[in-house]
Amino acid sequence: MSLRTRTGLFLASGSVLAGLLGWAFAGLPAFGHYHGVYGRALDRVSLGQTHAMSTIASVTFDYRGFDTLGEEFILFASVLGVSLLLREMRERDVDAKRLTERFEPIRATGRIGVPVLFLLGLFVIAHGYLSPGGGFQGGVVVAAAIVLLAIAVDYRAYSGLAPKSAADLVEGVGAGGYVAIGLGGLVAGATFLESFVSRGTIGELASSGTIALLSWSAGIEVAGATVVLASEFFEELLARRR
Amino acid sequence: MSYLPYALAAWLFLVGLYGVVTSRNLIHLVVCLAVVQSSTYVLLLAIGYVEGGTAPIFNGIPLGKKTVDPVVQALTLTDVVVSVTTMALLLAIAVEVHKRTGTLDPDELREVRG
Amino acid sequence: MHSLVPLVVALPLLASAVLVALGRHVPRPGPDVVAIATAAATSVLCVLLAYAARDHDLVYWFGGWRPAHGIALGIDFDVDFASACVAALASVVATASLVFSWHYFDEVGVLFHALVLVFLAAMTGFALSGDLFNLFVFLELMSVVAVALTAYGDEPGPLQGALSFAVLNGIGAFFVLTGIGLVYARTGALNLEQVGRALEHRRPDGLVVVAFALIVCGFLTKAGIVPFHFWLSDAYAVAPAPVCAIFAGVMSDLGLHAAGRVYWSGFAGALASHEAGLRAVLVALGCASALLGGAMAFLQRDLKRMIAFVTVSQLGVGLVGIGLLKAVALGGSTLVVLSGGLLRAAALLAVGLVISVTGVGDELRGRGMGRRLPLTGIVVALAAIGLTGLPPFGTHAGRALVESGAPGGYGWLPVVLTVASILTSAALLRAAGRVFLGWGASSDSILGPQHVSAEDEEPRQRPRSPVLLVPAVVLLLLGLGLSLYPSVADQTTSAAARVVDHRAHAAEVLAGGPLTATRVDSDTFGATSLVSGIVSAVGAVALALLTLRLRRVSDLPGLLLVRPLKALHSGVVGDYVAWLVFGVALVGALFAFLLR
Amino acid sequence: MIPLQAVALALVALGGLAVVVARDIVRQALVNGFFGLSLVVLFLVFQAPDVALSAITVSSAAAPLVLTIAILAVRRREGRR
């Protein structure tokens, strides 16, 4: 099809689709007036059952922890995919100095940023079930700190700190750790992903059972995956000209 | 007024699709795809919103206060992660396509057809 | 038995993570052995689950969150016989593919194995999940892995196929997710059975009808049903053969399975009074796929792409089975999916062997190149015969059940299915005759595009380990033999009857209610099914011989409509997205018209 | 609906359109950053701090990083031709 016919076909069917969506959305409860049984039930029982202050955390890592397992492997698999694609075809040699030159302006701020971000990331992972945050958000922040090290300080220091095999190891441990914690429930005689450690006291850092463990393993996986991802893309950029 | 958030979801879905259909650059196309996906965040969160409700985190708020739906938020969290990973994978493919063919224009990629 | 349920997902995922973490330090046969052993163990687990689920579902609640007062707090796996069989199909094909790739790739990193294992887990999870959002998660996981594997090409060509795959399936998944959002807004539930209960009480309005349309269209995109199929053939043409075998054997079938499951568990109660309209739409889509897939398969010269269209056609038959909305036909659909999937995967692995030995995967360029591979040729030919549904082999039992489920007014259905299966199998037989026997002409303008990359490359002959053929033979025998084992047909129809009885099913899942061991005797194959099976087989052989005899397909009368048909498959991702939106709008509008 | 929500909705609506019509990929990457931030604001006024937090890590770190590098990698190869 020419661009024109294609756009025409899209506009015609898109307007039908718009009509359908409008028709469907008219049946939604008015904005702000939702009363779903699932959320209400969880709001009522979650704190007592899971000892997690944040219902989001208890949904993410407990009631629907199995979804999160799938989500973690989506990240895992797409990073494997990127590695497979870019590693395969790359012109090997990497020119490490060019990266630092390229990002000169952010070097100064970066030096301070690295440790601050790193600690912030760990904090966000640790407090996910007490306040907003958790493994996924914190993991990205930790990874951002490591990546900033590459840009702001020295790519060689970065690749020394996060060589591919180490990053792969971290990623595998994070993803496998989630499954292993899930299997821990089975081994303890309960079900997969059932909390098999003490739930602790509400509000304390050591509370909420496996939610904390799962959140940490997600954090490790996300940090590892993001670092691998960033390295692959960096090297794509830094590959020496042929 | 009270249906505007849903209208926004529909708008983002269709506008994003329009971008995907008419795109002449794979990187542009990938970003448009992310716009389509952002429509699902808006829809999910808008569905679970409760007027005057707070976030479902019982840290300092009195028990029994109205909260917004926690489930849709957990779903959206997953959705956001899916979005960025898909984007990274697609961008890697786009870079690879460019490396092999020297073009990013989807209309010029007709090697496999018929 | 219950605690085995999560293992079919957890085991491959864990093995995959271990491979990535440590695989770098393990020398070559190590990762292969680990991956194959894991996939084989998963196959055994799935077969055990199917056996355990033959009379009633195994319902597994993750985290131990059993439903309270009919409200599901967590996520469940609802293992019924059909789902467990589809999961078993996935793991058997994945095992075969891993065995095949051990000798297929000269150099394969550990990442490939890790990805195949994640793929396997995603497929078993998708087959078994009883939760709408969890289905979405596994749908996305399947897509991400499959795209990565597609792009992992030994093919030097552009990655266009991988890209179309990612974009089309991504958009399909967003349609699904929008539908899920609508359903959640109405019912406050994500568990399929709970959704079904909540929707049943009200007349379906715009929200329910559109949500159903969006979810079904999203799953049919994965299944590659016309007009959502465009990405599929391009992806197959690019992906390496062992990966293609998984695509052809299982991945598409899973989309169909999910569509059936979502209808019966979630929407059957709400839409019960509109069965006739719904049936018309779904059967029409199925027939369109069966015929268009057949025609396009017949017009291909690229062998993998040909099998891609065979898949489209066969899944059309599967959709007809689901769309008839009858227990017998649903059971037949499962059987078609199972035996057809095994046969297509076998054919693809055989084609992969040809590619591996000769370096050519093209019918015309490969003419006569397969003479030294007689066994491989026999595998392809037998798979093609099995796909015709020649009694009593292969897809015969499944198709017979589908046809016997056709209500009044659908008497023409066997004719359509017969035509479709003649076309698909004739295409495969023609290709087999050309490649393995050297029959027919060496050029034909109508088959595929004139331009094929690396046309003048010197064909190679590489000696290959005969082990490479073993997985294809095993899949072939399983696919051919499934129908011979009569209790399988009984089991699938009984399982389908339990799915169709959706109220009892919901009670079973949500309340651990009384287990109804419905027994249906499927032994009602009429004379029509025998006739249509035999006619398909004879017709396919005859058509294949005719085209080889004519020397050119383009000499066949009545091929004038071919060029526009082929032009539709333009390879441009924007076109495909436009067609996808067109399809959703069409299905949605038809539903709006018929189901209100 | 409170006015803040209406403003956030309008911002996101305009942002989405702007991302699509920005045909130059460098400009689009920039606009996309703003679109991401407008989504973060929307999530905050929808009382979804968790989602906002992950959206901000994604739209201020992960997405721009891969996008920028992809664009640079393509540009670099174009320059070589």
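Per-chain residue numbering starts at 1, and chain names A, B, C and D are given in the order in which the chains are listed.
As a working rule, contacts are C-beta pairs under 8 Å (C-beta built on N, C-alpha and C of every residue); 3 or more make two chains touch, one makes a residue touch a chain.
It should be emphasised that the depicted structure is a prediction, and the values quoted were computed from it without experimental measurement.
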Q. Counting C-beta pairs in contact, which comes out ahead: A-D or A-B?
A. A-B
Q. How many angstrom lie between the CA centroids of chain C and chain D, rounded to a whole number?
A. 37
**Q.** Length of the line joining the C-alpha centres of chain A and chain D, rounded to whole Å
**A.** 18
Q | Intercentroid distance (Cα basis), chain D paired with chain B, Å | A | 11
Q) So which stretches of chain D touch two or more other chains? A) 1, 49-50, 54, 58, 62, 66, 70, 73
(Q) If I count partner chains per residue in chain A, which residues reach a count of at least 2? (A) 3, 6-7, 10, 14, 17, 21, 25-26, 28-29, 31-32, 34, 36, 38-39, 42, 54, 56, 64, 67, 71, 74, 78, 81-82, 85, 132, 136, 229, 233, 236
Q: Would you please write down the residue numbers of chain B that are in contact with two or more other chains?
A: 2, 4-5, 9, 13, 17-18, 21-22, 24, 46-47, 49, 55, 57, 71-73, 75, 77-78, 81-82, 85-86, 88-89, 92-96, 99, 107
Q: All pairs of touching chains, please: list them by chain label.
A: A-B, A-C, A-D, B-C, B-D
Q) For chain C, which residues count as touching chain A in their complex? A) 3, 5-6, 10, 13-14, 16-22, 24, 60-65, 68, 71-75, 109, 111-112, 114-115, 118, 121-122, 125, 133-134, 137-138, 140-141, 144-145, 147-149, 151-152, 178, 182, 184-190, 205-211, 213, 570, 572, 574-575, 577-579, 581-582, 584-586, 588-589, 592
**Q.** Complex interface listing, chain A residues touching chain C
**A.** 1, 3, 6-7, 9-10, 12-14, 16-17, 20-21, 23-29, 34-42, 45, 62-67, 69-71, 73-74, 76-78, 80-85, 87-88, 165, 168-169, 171-173, 175-177, 179-180, 182-183, 185-186, 190-195
Q: Show which residues of chain D lie in contact with chain B when the two form their complex.
A: 1, 5-6, 9, 12-13, 16-17, 19-23, 25, 28-29, 32, 35, 39, 42-43, 46-51, 54-55, 58, 62-63, 66-67, 70-71, 73-74, 77, 81
Q | chain D-facing residues of chain A, complex | A | 31-32, 54, 56, 124, 132-134, 136-137, 140-141, 144, 147, 226, 229-230, 233-234, 236-237, 241
Q) Which of the residues in chain B end up touching chain D in this complex? A) 1-2, 4-5, 8, 11-12, 15-16, 18-19, 24-25, 27-28, 31-32, 34-35, 38, 41-42, 45-46, 49, 53-55, 57, 68, 73, 76-77, 80-81, 83-84, 87-88, 91-92, 94-95, 98-99, 102, 104
